[in-house]
Structures are given as structure tokens and as C-alpha cells.
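Here's the structure we're looking at; comments come further down.
Naming follows writing order (A, B, C and D), and every chain is counted from residue 1.
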Amino acid sequence: MSDKVEFSLAELMIVAASEAWRGDGEVLASGIGVIPRLGASLAKLTHGPGLLMTDSECFLVEDPIPLGPRGDFVPKYSGSMNFERVFECVWGGQRHAMIGPTQIDRYGQTNLSVIGDYKKPKAAILGVRGLPGNSINHINSFIVPSHSKRVFVEGEVDMVSGVGYNPARWEPGMRQDFMAIRHIVTDLCVMDFEGPEHAIRVRSLHPGVSFDEVQEKTGFPLLKAPNLGETPHPTAAQLTLIRRLDPHDLRAAQLKGNPPGMRAAA
Amino acid sequence: MSDKVEFSLAELMIVAASEAWRGDGEVLASGIGVIPRLGASLAKLTHGPGLLMTDSECFLVEDPIPLGPRGDFVPKYSGSMNFERVFECVWGGQRHAMIGPTQIDRYGQTNLSVIGDYKKPKAAILGVRGLPGNSINHINSFIVPSHSKRVFVEGEVDMVSGVGYNPARWEPGMRQDFMAIRHIVTDLCVMDFEGPEHAIRVRSLHPGVSFDEVQEKTGFPLLKAPNLGETPHPTAAQLTLIRRLDPHDLRAAQLKGNPPGMRAAA
Amino acid sequence: MNKLMTATDVVAQLRDGMTIGFGGWGPRRKPMAIVREILRSDLKDLTVVAYGGPEVGMLCAAGKVKKLIFGFATLDAIPLEPWYRKVRESGALELLELDEGMWQWGLRAAGMRVPFLPTRCGLATDVTKLNPELKTITSPYDDGEVLLAMPALKLDVALVHVNAADQLGNTLITGGDPYFDHLVARAADACYVSAERVEERFALTAAEARFNTFERYLVKGVVHAPCGAHPTACDPEYGWDMAHLKRYVASAAEDGGWQAYMDEFVTAGEAAYQDKNGGVERMGKLPLPVF
Amino acid sequence: MNKLMTATDVVAQLRDGMTIGFGGWGPRRKPMAIVREILRSDLKDLTVVAYGGPEVGMLCAAGKVKKLIFGFATLDAIPLEPWYRKVRESGALELLELDEGMWQWGLRAAGMRVPFLPTRCGLATDVTKLNPELKTITSPYDDGEVLLAMPALKLDVALVHVNAADQLGNTLITGGDPYFDHLVARAADACYVSAERVEERFALTAAEARFNTFERYLVKGVVHAPCGAHPTACDPEYGWDMAHLKRYVASAAEDGGWQAYMDEFVTAGEAAYQDKNGGVERMGKLPLPVF
């Protein structure tokens, strides 16, 4: 009989995120943003003790650092990972990063640069950042706090910053074998690229969410994974770890209204 | 009226070596071996205070470090120059090294690898070391403790380790404009490459040495510099500095018999 | 040899149309005191090469940037750099938008004096599609891989803020991360540094010497600029000034906001700037951000 | 996760014909304890990739080297490595003799998983003439410069001696110069380190963490080997053993000299080796060389 634990949708997504790194062995786990960072930290504390992780600045730690202010606590380190070293990990391929792109298309191409026309855009965001290099060199996953057609666009993303599985972009001689996109965790579901020719499949739906709702909010056709079920609920043990990792409850500010994991009846 | 100071041939060569770096400004002065290192150190203490110099390990110093044991004296440093950083200096071109190659030819090509046939050599020496990269990227000078045809060979050197001014070696598109060979200091004379098409010229003869003797001991024709004269004698001030830099008199072991600077009459 | 000079002296060396590279990363250790001096000058048509933070935003706001060679502009805790955003959206900027790895690789090529360095970063993205001047190159070996030939990013000038310098141009970066300032410095014809502390001549221990990350022969001028990275952070001395950054961010939403920011903070000089920010007593004690 | 193993375990992972890269530089911080274990084994036909010191000489003396990928072999204060010299002069070695800069550039290419990196080092010398498999490449930009495409130097195994390691494979190199061990480690499918000290799990300060120069995911095994660099130096722990190096050098001039050296020092194992050299009490106190 399972424990009836209460959990927020953010906590459900943290646990779903942590699954992305399952089986990766010793790679640098880079969770960019609160939910991904907590997901990576949870992964390291549970199924992935071999993962490498930083203190989010320039040092490696074996005990994931809790988020937010930590008084006088000074962590102990296991090594160095300044920005220059991160590129060595990227180019060597031993990294799995989870990021939050502005747009994602059916090929897994991502955009973090601009919305609209490149020369005179509707909205400037950050820039391509490390997406081109990360996406072609190592495993990546995505986090999407608000699943909508504005994120999951119909055609290609407005500015392809990160590579994906679009055959039209890959010219003869270019190595596509170092890239891999693992999971997309949204506020509605978890998806992967394990359909035929890397088509995106929904692999689990969050409690109370239907496949139709997910499809409705996505700009391209989605497949269902054969064993499509409900996204696993956080266990009490996982929630204890999450609370320890996020004592200031920054996760409560990640999703609008901080909804519960079990959707209220309509 | 000049001071009559006594000096060894090694000391004359140290002063001659120091002249190689005159006017270089802020470059890394790498004098490899006792006489070159003392020459670079003397240069830094006199006409070239802007020169960068190491402690011969991995730190930069503004006060050249004396050679040999130094008791408890721990130098103070001005920066870092580990081996990886030296390559940055090499590739950036801001270095002038003085080395002692095993063979030198008329083009200034140098050999530090093997004597004789490459596959089954008569004598193996060190290997090409950094000669290929150094010679094509920055200024170089040479030290030759024993001027002979075994060093200054007739044809090309047995294994071209360092580039020179041999047109046959430079193919279209290769950049030859970063290389420059400044001086060769031997136990007989000082030479440069300022003849037509970089032909080697004798620019000064050490006391008691004739041009004919130099030519006899060289495997290719030499030119005379228009103002060919006697290699300047060390001044008292220079000798004082040399003694301070070499308190254990390692310079006395560099030339067979440690001959005086003024040759005894025959 | 004494390379000590003022920020005004540095800016007097700069010319319209120059390509200027900046050290630091986003809101971390940017040479802001020198940037403010540029803001006070008439310089224009600059090509700015940066892992962008408020230096990019401010120079864009002041209309001084013709072209931006960058991977991003951000204030980190405030993700969207507001003045970069505004000017970017106006269509006023020429751009060479590069993967972060391409950016540093291009600087390395320039410092090594090679015309390019190969990478696969940027392939199959819009980086290559939008910038046809970026060429590919094929491996001459049996693999025949097609790579991107990242061209050397040569700079006229590098501007870098360090923790300590001496009058000869030796520098120390003592924070946890040296970022890529050594590559920025080596790629330039002239590097000018601003430093929290300047000594006449360093006399370092082995442990201290490790903080020297690039060669003094690159450095043409040294500016003594305590709190000279403000409002960016300068590990381990002080953190970024979130209050000031918010004030700066707000200026982008106000009519005449940039002129108001200039009038309030920049035009009257660095001493007045420091007064307006609580003096070095406050600026030098801003807590380091915790992540 | 516990990567602790013995030198014997490391050598059990090696195979005839492997390409093995060594950290260190000449007579500085070589993984000699592991080298001695290789000498005790039947391994042969190795391709050795090194900035060579006595590891190159000894492996050549033992007839285990098929090919040498190197820029030099030297014992520094004794310039000519005697066993390298002897075997080199016999014509027995295949060679890829490279400029020191090419060597590290090839390892960097392997670690970055690119097939080559361009350099002008080696052009117009016999390095290119003797090694026609080294190709040139032309810049695709207007400069059209012809460069040498230094191919990636991929290693099966990297062997590196460090000052400290933990059981997870984190390493610290605390001497003044880290040499190029980080590039050797990254170029290999598997890196094995020997360390003066091994802890269960590092708990480092920021200052200490700076001594970590490469990632633990590269490290497949950690060997506790106090004085494991002997007779090479291990800054800052101990210097090279000139007396032992002279004994080793003399073996090359004696009939049956190598077998005598093996019998005296190597065959009986590392504990006996240490006894023969005055024990770790003497070995660990050898003064650091002064230059």
C-alpha cells in the first residue's frame, strides 16, 4: 500500500526531472534553473551517486548544495569546475544538461535567442548561449514550466540555437552521433524522442492531465509511448530530500500559483 | 681610457649573448643553458628591463635568479609561467629564445634530434623538442660553445628540427613572417643573418680570432659584416653583475679548459 | 616601466569603429569604471565582443554599438538585459551571435595567430545559416568530418577588471573563476586593466603567483579602480549591487530613462558615481551572491 | 564507488599493442611505480606517447615499445636519456617525432573529439617530411594560410602520477607546474592515476580545490603509491634521485646492464624497490632541484 503523501506539481516535476539522469553514470549533471537543479541534486542523492555536480559557481561537490541563503555554511569541495573547465566537459561529451528553452520544435531544436524576425525581433531573449555547442556535443533534456503552443511551436523554432533531429539541417560529413535529447518535462507531462525517426512521444501524463489536453497545447502531432501512464508521484523519501535541498521553498515560485500535484476536480 | 679587466671567454660570450635581446622590449627571454641564461639575465639587468624571465621552473621574476644552490633564499615572483603558459607565449610570438642546437646549417635550420640517418642514426640526441614550434613562431638565437664543421654543417642539417631561411622548405601559403633568427654566439665569433637573402655574416670576432679561422671551421661560405670588428669586451660593471648572477662559477665549466677572453699568444 | 594611467587615459587610446573585447561574464567582474568613462566620451560605431552583461546594455543604450559579437547578454538573477533587449529589438545592431564555445575559441585562435580553429559547435543551427561568412572545413584525414572553421576574433583592445595589478602590468585574478580574460587579453593588440588594488611591484609567493593568468606584455595600461566592477560582482571582494541593477533595469522602461540614468550616475564622474552608491564603504562590502 | 586498486590491477587492464600516454615531463612526476609494474609484465608492442623521461628509456630497454610518439626523451640534468638513445640508434623504434606544441595539441584534439587542430608548428621541418601522414590544411578565409592539421592523438590509456586522490577519482596536483596531465587524461579511454596520498573522499577548501585539474569521470583506477614517481621528482614532495638516475644511466653502458638493473631494482616488487632506495624515509625527502 503506498503512502498517501501530498506534493505540489513542482515537486512532481522535480522527481520527473531527476529521472532524466538515470543510468548516466559519471557525467556532469547540469540542471539550469530551480526545478532542473533540484532534479539533478535528487538524482545524485538517489539513483545516480556517480553524477558530477557543481555548487553552481565553480567547484564540484559530492553533496548537492541546498538552494538559497545558507548562513555561514561553507561547503567542502571535491574538485574544480570553473567555466573554462565546463567547456572541456562539453566538448568531451561527458555532460547531461537540462535547460529551459523559450521554444522547442518537433525536431527538438531549441531557441533561446529571439522571438520573431531575427533582424528586428518581436522579443529578444538571452542569445544562443551554449546551446549550439551543448546540443551537438552531449545529452540534453528540457524543462517547460508552462506547456503551450508558444513553446512547442508549429514549424521550426524562430531561431535554431540548439540542434535537433531535423534532417534538413545536417549536411554530409557533419557528426550527429554525439547529440541526444533525453526527456522534456513540462507542467503537463513527460516526453521523449523515442518515436520512429526520433518523433516526440508522450511517455507519462501528470495526474489529471489527458493526452488530448497535451496535444491541444502542442503545435505538432505527438505520439503516445506504448506504456503511457501516469507520471510517478513523489515518494515520502523523495519529498524529504527535496525539502532538505530547497529549505527556502524556491520551488513554490516556479509555477504560477504553485498548483498541487493532484489537480483539483474541474 | 678603458679599464683593463680580466675576463674569461665564457664571460665574453655571456655579454655577447645578452646583446641578442637588445631592443626586444617586453618579450619572454628564454636563455636555455648556463651561458644563454646568464646572457638573458644580464640583458634584463642592463639594457632590457622590460624582458620577462622565469626562475627556470614555472614562475616569472623581475630580479633574475642567480644560478645554482641558494641556501634558504626563496625568490619573490611577479607572475606565473608554467609550461602550458610558455606555449601561449610561443604561439603568440612574444618570446626570444637562445638555444644550443647540435647542428646549424647556412639557412639557420637547426637539429637537436639525431646525427646521421633518421631511421638508424649514428647518434640520438634529444628529439625535436620545441624547435619546430619556436622557430616558426618567434625570434631565436643560438649558442655554440665549440665552433666547428660538426656544428656548422655543409649541406642541410641531418634532421631539420628548427626552420630557417631555406626557400626549398617553404611552400606557398605557409607563413614565414613570424620567424626570425637574430644572433649566433660561438667561442670564436658572433654571427647574424643580415646578409643578402639572409646569408650568415660574421659581425664580430672574439679577441685573437681571425675571420679565416672562423671560415675554416664552418661548413659553408660566410660573409663579413661591413663593420666587422672585435666582440666587445665585458666591462667591469657587467662582470660584477655576472659574478652576482653566477656565484658558484658554473660559467667556468661551460667551455673546455675555461680559456681566457684574451687568447694567449700562439 | 610604469603603466599606471587613468580611465580617461585608457579611453583616449580608443577610436571610433574599434573592436573592443570585455572580460568577465554577465554580471561578473566587468570593467565598469572604464565602461562609464566610455559612456562619457564621444566614441561610437564600436564592435563589442563580450559574454554580455550591463556593459553591453549600457553601451547599446548610449548608441555606441555598431556590431555585437556575443553569445548572450544577461544580468543572471535578472535574466533579461533590458537595454540590450531594447536595442536588439529595434533592429539597430549588426550581429555575430555565437555559441559560447565558438566565442572563446575564436579569441584563442586570435591569440595563437592562427586564422581559425575547428569546432562542431554551431553546425546545424541558425548560427551558421545567419552568418554565411562562417565557413566549414573538412578534415583532411580518413574521417572526413565537416567542421566549422571558427575564425580568429581579433580585437583592437581588451578591457579587463582584475583584483590586483602592479605597475609593470602583472595582474592577479583571485576569485574562484578567472572566466576567459586571459583569452580576451591575448586576442587584442592592447589590453587595459582596471584593478581593485595596484602595487608598485609584485613580490608574490608561489601560492599567490598562481593567480596570474596572463602575461604583462599584453597589458598597455593599468588603472587603479577600487570597486571598479560595480555594479557587477568582483569575487572575492564584493558581490553585484542588486539595488543598483534594478534601478538600471527600470531606466529601460522609463521615457528618457537612459538620459536620466546617465545624469544621475555617470556624467558627473566616478567619484560622484561612488557617492551615489554609498561610497566604497558600501560598494566594497556588497555580499557575494549565493547560488 | 571506489576506484582504489593496485598497480598490478592497472597493468591487468593493459593489452599488447595499446597506445599509452604518460603524464609528467622528462624527469618530473612520472608514474614510475606503475611503469615498474609494466616492466614486470609481459606487455609488448606498445605505442608510448610521452614528453619522455626514464619511463621511455626503461620501456625501450625492456623491448616493450613498438612506436614512440614524442618530442624528446631526457633526464634534464643528465641531458641524454641513455636507454632511449641506445634503442633509438638500433633502428628498432617506429617513430612519430613531434614538436612539443604539436604533441599537446594532438592530445587536446582527442579530448575535444575533433579529428585535428591546426598549427603552424612543424611546417618547413623534417617533422612533416618524415611523416607524410601528417596533412596540411588551408584556411577557408581570405588569408588562405596553409597550416598543419595536427591529428588527434587518441590514447587507450593514460598513466598519471598525482599528489593526492580520493576513491572517487578526484585528483590534486599541488606542485608548481601541472604539466599536461589534464590533456593526457582527457585524450584516453581510461586514465589510471597513482597518488602519493589517497583519501576516501576529498573535503576541500576553495584554495585546495584549485589543484584539481581534470575530471574524475576520466579516472578508472586510483593506486596508492607513496614515492611512486621515484626516481623522478614529485613537486612539492620530493626531488629526483640523482644517485639512482646515475646508476640507471650506467646500466646502458654495461653488458647485460638492463637485466642487472631489473634484477637489482624491479623484479622483486615495489616494496623491495623502496628498500633498495633507502625506503620512503629517504625517497620522500630527496631535495627538490634548484635551477
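Heads up, the rule we're going with is that a residue touches a chain if its C-beta (ideal position, glycine included) is under 8 Å from a C-beta of that chain, and two chains touch if they have at least 3 such contacts.
If you want to know which protein each chain is, UniProt gives these names: A, B = Acyl CoA:acetate/3-ketoacid CoA transferase subunit beta; C, D = CoA-transferase.
The structure displayed is predicted, hence computed values, not measured ones.
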Comparison of A-D and B-D by number of C-beta pairs in contact, larger one: B-D
Inter-chain centre distance, chain A versus chain B - centres from mean C-alpha coordinates, in Å: 59
Centroid spacing, where centroids are CA-atom means, of chain C and chain D in whole angstrom: 39
Intercentroid distance (Cα basis), chain D paired with chain B, Å: 30
For chain D, residues contacting two or more additional chains: 114, 119-120, 136, 145, 176, 206, 210
Multi-partner residues of chain B (each touching 2 or more other chains): 59, 91, 137, 178
Chain contact graph, described as a line, ring, star, complete graph or other shape: other
All chain pairs that touch each other: A-C, A-D, B-C, B-D, C-D
In the complex with chain C, residue positions of chain A that touch it: 55-59, 65, 67-70, 82-84, 87, 90-91, 109, 113-114, 118-133, 135-137, 159-163, 166, 169-176, 178
Chain D - residues contacting chain C, complex: 114-120, 135-137, 139-141, 143, 145, 147, 149, 151, 176, 206-207, 210
Sites on chain D touched by chain A in the complex: 1, 111-114, 166, 168, 170-171, 182, 186, 201-206, 208-213, 215-217
Parts of chain A lying in touch with chain D, wherever the complex brings them together: 25-28, 49-50, 52, 59-60, 62, 76-81, 85, 88-89, 91-94, 137, 178
Contact footprint of chain A on chain C as seen in their complex: 25, 52, 70-74, 79-80, 84-85, 88-91, 97-102, 104, 119-127, 129-130, 136, 138, 144-146, 176-180, 290-291
